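In what comes next, chain A is part of two complexes: it sits with chain B in the first one and with chain C in the second one.
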Partner chain A sequence: MIAKTVNQRAWFLVLPVLLIVAMNAVIPLMTVVNYSVQDTFSPGVFFYEGTKWYKEVLTSPRFHGALGRQLTFTAIILAIEIPLGVMIALAMPRSGPWVSVCLVLMAIPLLIPWNVVGAMWNIFALPDIGLLGFGLNYIGFDYNYTQQPLAAWFTVVLMDVWHWTSLVVLLAYAGLSSIPDAYYQAARIDGANRWAVFRHIQLPKMKHVLIIALLLRFMDSFMIYTEPFVLTGGGPGSTTTFLSIDLVKAAIGEFNLGLAAAMSILYFLMTLLICWVFYTVMMREEET
Partner chain B sequence: MASIAIENLAHSYIENPVRDADYALKSINYEWTDGGAYALLGPSGCGKTTLLNVISGLLTPSQGTIQFNNRNVTSLPPEERNIAQVFQFPVIYDTMTVAENLAFPLANRGLDKTEITTRVSQMLETLDLSTKAGKRANKLTADEKQKISLGRGLVRHDVNAILFDEPLTVIDPLMKWELRTQLKEIHQQLRHTMIYVTHDQTEALTFAEKVVVMHEGSVVQVGTPEELFNEPEHTFVGYFIGSPGMNILPVTVDGSHATIDGFPVSINGFYTPSKDARTELGIRPEHISIKATNGTRSPDYNELPVRVKRVSDIGRQIVIAVTLGNHTINLIVPEGTSVPEKHAFITFDTERISIFANDRRLSVASSS
Partner chain C sequence: MKGVKLSVVFVYILFLMLPIYWLLNMSFKTTNEILGGFSWYPKNFTLESYITIFTDPTWYNGYINSLTYVVLNTIISVSFALPAAYAFSRYRFMGDKHLFFWLLSNRMAPPAVFVLPFVELYSAMQLFDTPLAVALAHCLFNVPLAVWILEGFMSNVPREIDETAYIDGYSFPHFFVRIFMPLIAAGIGVTAFFCFMFSWVEMLLAKNLTSVSAKPIVAVMTRTASTSGYELGLLAAAGVLTIIPGAIVIWFVRKYIAKGFALGRV
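For the complex of A and B:
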């Protein structure tokens, strides 16, 4: 038998990755944890407060409001973007010169910087000069997203659908392209109608990419900040103040570091938890 | 069940075909009789899958007609032709159970529930899948999945024909044999018209009552396995059927005398090929005998002096490759035969020689 040589130099080899993880994840996160259990009035002066900030966040109507708006927003855009994306992908040509035209058209919204998207829609939807805003008023709608909560929501949702449905389309299209022709031929021979083909061939084959799409769109929309911030700034009032916007208001606007830190931790845990649940449920479904 | 007749059928994947080579299928006429088991045999790219897809209706041919039971179906889509097709890779509906898969084509055609249940359970019985009826179809092995694809066709009693497009490609060798035997049994039991596309001669010859050999978009011969083996109509058939295939050697023929590279070979019968035809002699490796020589004796009449090039033992037989001038000739001898080391004489079985003119088999006392 050969005795195993103990070589401590191996530690050096994992050091770079430890450093990177420490610098970009562990240390910043721990700093936030640190803030969330303390209070401060001037630089360098901290008081330990225990779970005070957490209790305050969890019981505050302001946080409940932001969370409620956030969940509503995410639910609405998922309910629109996933089916719409699948429908567009189904309608796209499978071969020929139009494929690349469609793909480029689909990719354009994804290539625009997020705050440019916000700025674009801000101007586009202005009731006096924007094409959308002016147009809606011209044909008889009373539309002003800077003053009406419903109009603001409509604009924010429309903007997100415009911006992100493409991602679902591209993923679903990739899933569809991977289905061999034989499946469609077999379905024709079996006398399946359009719906049966979708239900029993296309949907099951797209399932994997749709799970990814759902997960990505959930996470992104749950953390949305830039576009609504540029478009409405969270208003009118706080009607479009989602979690991120509220967090930034607390941290930078009000300089309430303890409260903001506790919010951050809770926000992070929620995202993590929901993603984990999503993932587990879907993987379990996969196995049966 | 139906007879299938194709008339003057040709297909090109190019919009405006001009040259012969533009056609994947070149003017084919044939009739498949009701209840027969046929194989379409040929190398990759010979047009056999194209022909199959024309029959199933997945492709509309550029010209010609196709009839099922004397009814013209040329322009009908697959669902109206009432055929079944098994593809190269198993096509199953992942989300359904085995039983649901089999019920799917019936449900699509609006049959009532009790009828579907009886037929599905019968089919599960036939396919030996009864124990797996409630299992999700995507959990099955490749050969079981292929059986489901087949079952979705068989479950429709009125199906006109069942088409197979190289269905055993992804099946393990052991299961191939099993599945082929089962397929044959099912055919004998139900007598559906079956057309089986393959490039594997063993599959074709074991499955089919009649084999249709295709080459470069044309049907070169239709026959029983014996006919293809003994009387190939085309040099391609001789070469393609058998392992190794028929030896094809350039020859000059005059009456019942043939000469290969100056060596005389006697042939049975009297052939009068036209002067400018390219004549070739075909002889199966199984029909050549070999004798050792020390290289000093000159050959007797009908003996050809050769050098042994390569010897491969393939189990119960030995394949010997020999050279005559710059031609290579393969021959098969039973195991245990003493194999000459260097110089040898070979003799062709006169009865078994085929003569071809411009690749077509010459019949005795005829001119090409």
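For the complex of A and C:
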């Protein structure tokens, strides 16, 4: 491969993208920074408050609660979706007419608007008329996600698994299908068992795509808003109020601009930091 | 062994289809029948909900508005991202790596952070409540994504082709449009699909940047759900209709979906 040539004029090619993204990212971010250090009593009248809002956010049990729930949720869904996705990708037939059909069917949940996903599960899990809720009660579980925190969590997690596991499957499957048949034949000749094939052939080939899957799943689950909001409204109580839900509640529901802005900045910095770690790992992976 | 494997796939797909079947089932029932109790299939099959949606302007305009900003966004994202992706895949320039990460960081930014400032920004630009506002706002995450995917596809095209074209006397725009773009046609298709998809499924920004004249279908649905009691049949039919565009486009890119999700890097 020829090395990339140094050419500063390439900036002109990047400029349009830079401008359109900067308009959408930098201006609003500056507005948020502005709000986060000011207070207001009437529209248009602002005064400087320094770090008051940041202190308030960092010491508020409400923010800690939302952050804790967010981290728990992200950890749970990653722990389920990544292994499950890999398992299903391994179980997929490697070729044949059904592969396309399977892939298309699996991709359908990814293309449903997020509020429809929420509404769909909201109805699907209702204890009296929804298949899931009715079924669970029928076989003897006392299940009502609008009142029991545990049931609400179960439903939110199940919904996310339903919604996004296919992404991991598609990625892992793409990684698997890039393995030449010769590798498998060599393994058979060496008498390698199923686990050895997975550990030394399939996993290394999937490593790269799995990092992308992890990155995408992490960031999307960390900013999840619409689906749980439509499904449970953050309830019962605030048991499924994740960071974005809490943020929108503070900004639009309570119109507490300063607090919401300080929360936004902290939230954004956290996402940025974790993604930077992922990105560095991914780029190192790409270079080797 | 093979049987076990196939049944795993089968059970998984069944699990995916069940909620969708339930939505479809309800869309053919009247709201009274839905609330009346549990049933596996509609007893009084009716198309009433679908008829309402196709005859009531608030409903079908919702679909038209949504499709308008989604298509606008796809066109803007892909055409802006093409030259940038080329620059990233072919050249090294000052600050390129930082710039690339900064772009990606916007794909990672939680939309909830941007809702309020976006409303102010687009109101100041006199664009509030137009499809263009939503299309531009969705560029926040779609342009970086498009750059990312296209860069992956472009890096798979050998650099010798560019050089041969220059030696043959092609100018850059001529080479880019006539030779390079056809080579990555699949990549452009996949990118367009992903922009379409992420703009289509997003609700928070689309809902808050519009009020009356550009109200997207997702907002029509949530408002209907909350105002007129609980029109479940109607809601279900509207939901089913939002799945159809996605299901149609996905068939065209089925061979490349995985490659696209891997950002062109498989």
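Rule of thumb we're sticking to: the second predicted complex is superposed on the first by the 259 of 288 C-alpha atoms of A that agree within 3 Å, B and C clash if a C-alpha of one lies under 4 Å from a C-alpha of the other, contacts with A are read in each partner's own complex, and residues count from 1 in each chain.
We take it that a residue touches a chain if its C-beta (ideal position, glycine included) is under 8 Å from a C-beta of that chain, and two chains touch if they have at least 3 such contacts.
What you see is a predicted model, and the numbers here were worked out from it, not measured in a lab.
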| item | value |
| --- | --- |
| Overlay on chain A: chain C relative to chain B, clash or fit | fit |
| Dominant toucher of chain A (residue count), chain B or chain C | C |
| Contacts of A:M120 with chain B and chain C, given as first, second, both or neither | second |
| Three-chain overlay, vertex chain A: chain B-chain C angle, C-alpha, nearest 10 degrees | 80 |
| First, second, both or neither for A:P228, with chain B first and chain C second | neither |
| Which superposed partner A:V14 touches (first chain B, second chain C, both, neither) | second |
| Touched partner set for A:G258, first chain B, second chain C, both or neither | neither |
| Touched partner set for A:A107, first chain B, second chain C, both or neither | second |
| First, second, both or neither for A:H208, with chain B first and chain C second | second |
| Shortest span in Å between Cα atoms of chain B and of chain C, once chain A is used as the common reference | 17 |
| Chain B/chain C common contact set on chain A | none |
| Residues of chain B that touch chain A when the two form their complex | 56, 58, 77-79, 83-85, 87-89, 91, 93-96, 104-105, 108-109, 136, 149, 152-153 |
| List of chain A residues in touch with chain C within their complex | 1-2, 4-11, 13-14, 16-18, 20-21, 23-25, 27-29, 31-32, 87-88, 90-93, 100, 102-116, 119-121, 123-124, 128-132, 134, 162, 165-167, 170-171, 173-175, 177-178, 208-209, 212, 216, 219, 222-223, 225-226, 230, 243-245, 247-248, 251-252, 257, 260, 264, 267-268, 271-272, 275-276, 279, 286 |
| Chain C residues within the chain A interface of the complex | 4-6, 8-9, 12-13, 15-20, 22-23, 26, 34-35, 37-38, 76, 80-81, 83-84, 86-88, 90-94, 96, 99, 101, 103-118, 120-121, 136-137, 139-140, 143-144, 147, 159-160, 197, 200-204, 208, 217-218, 221-222, 225, 232, 235-236, 239, 242-243, 246-247, 249-251, 254-255, 257-259, 261-263, 265-266 |
| Chain A - residues contacting chain B, complex | 180, 182-183, 185-186, 188-193, 196, 200-201, 204-205, 288 |
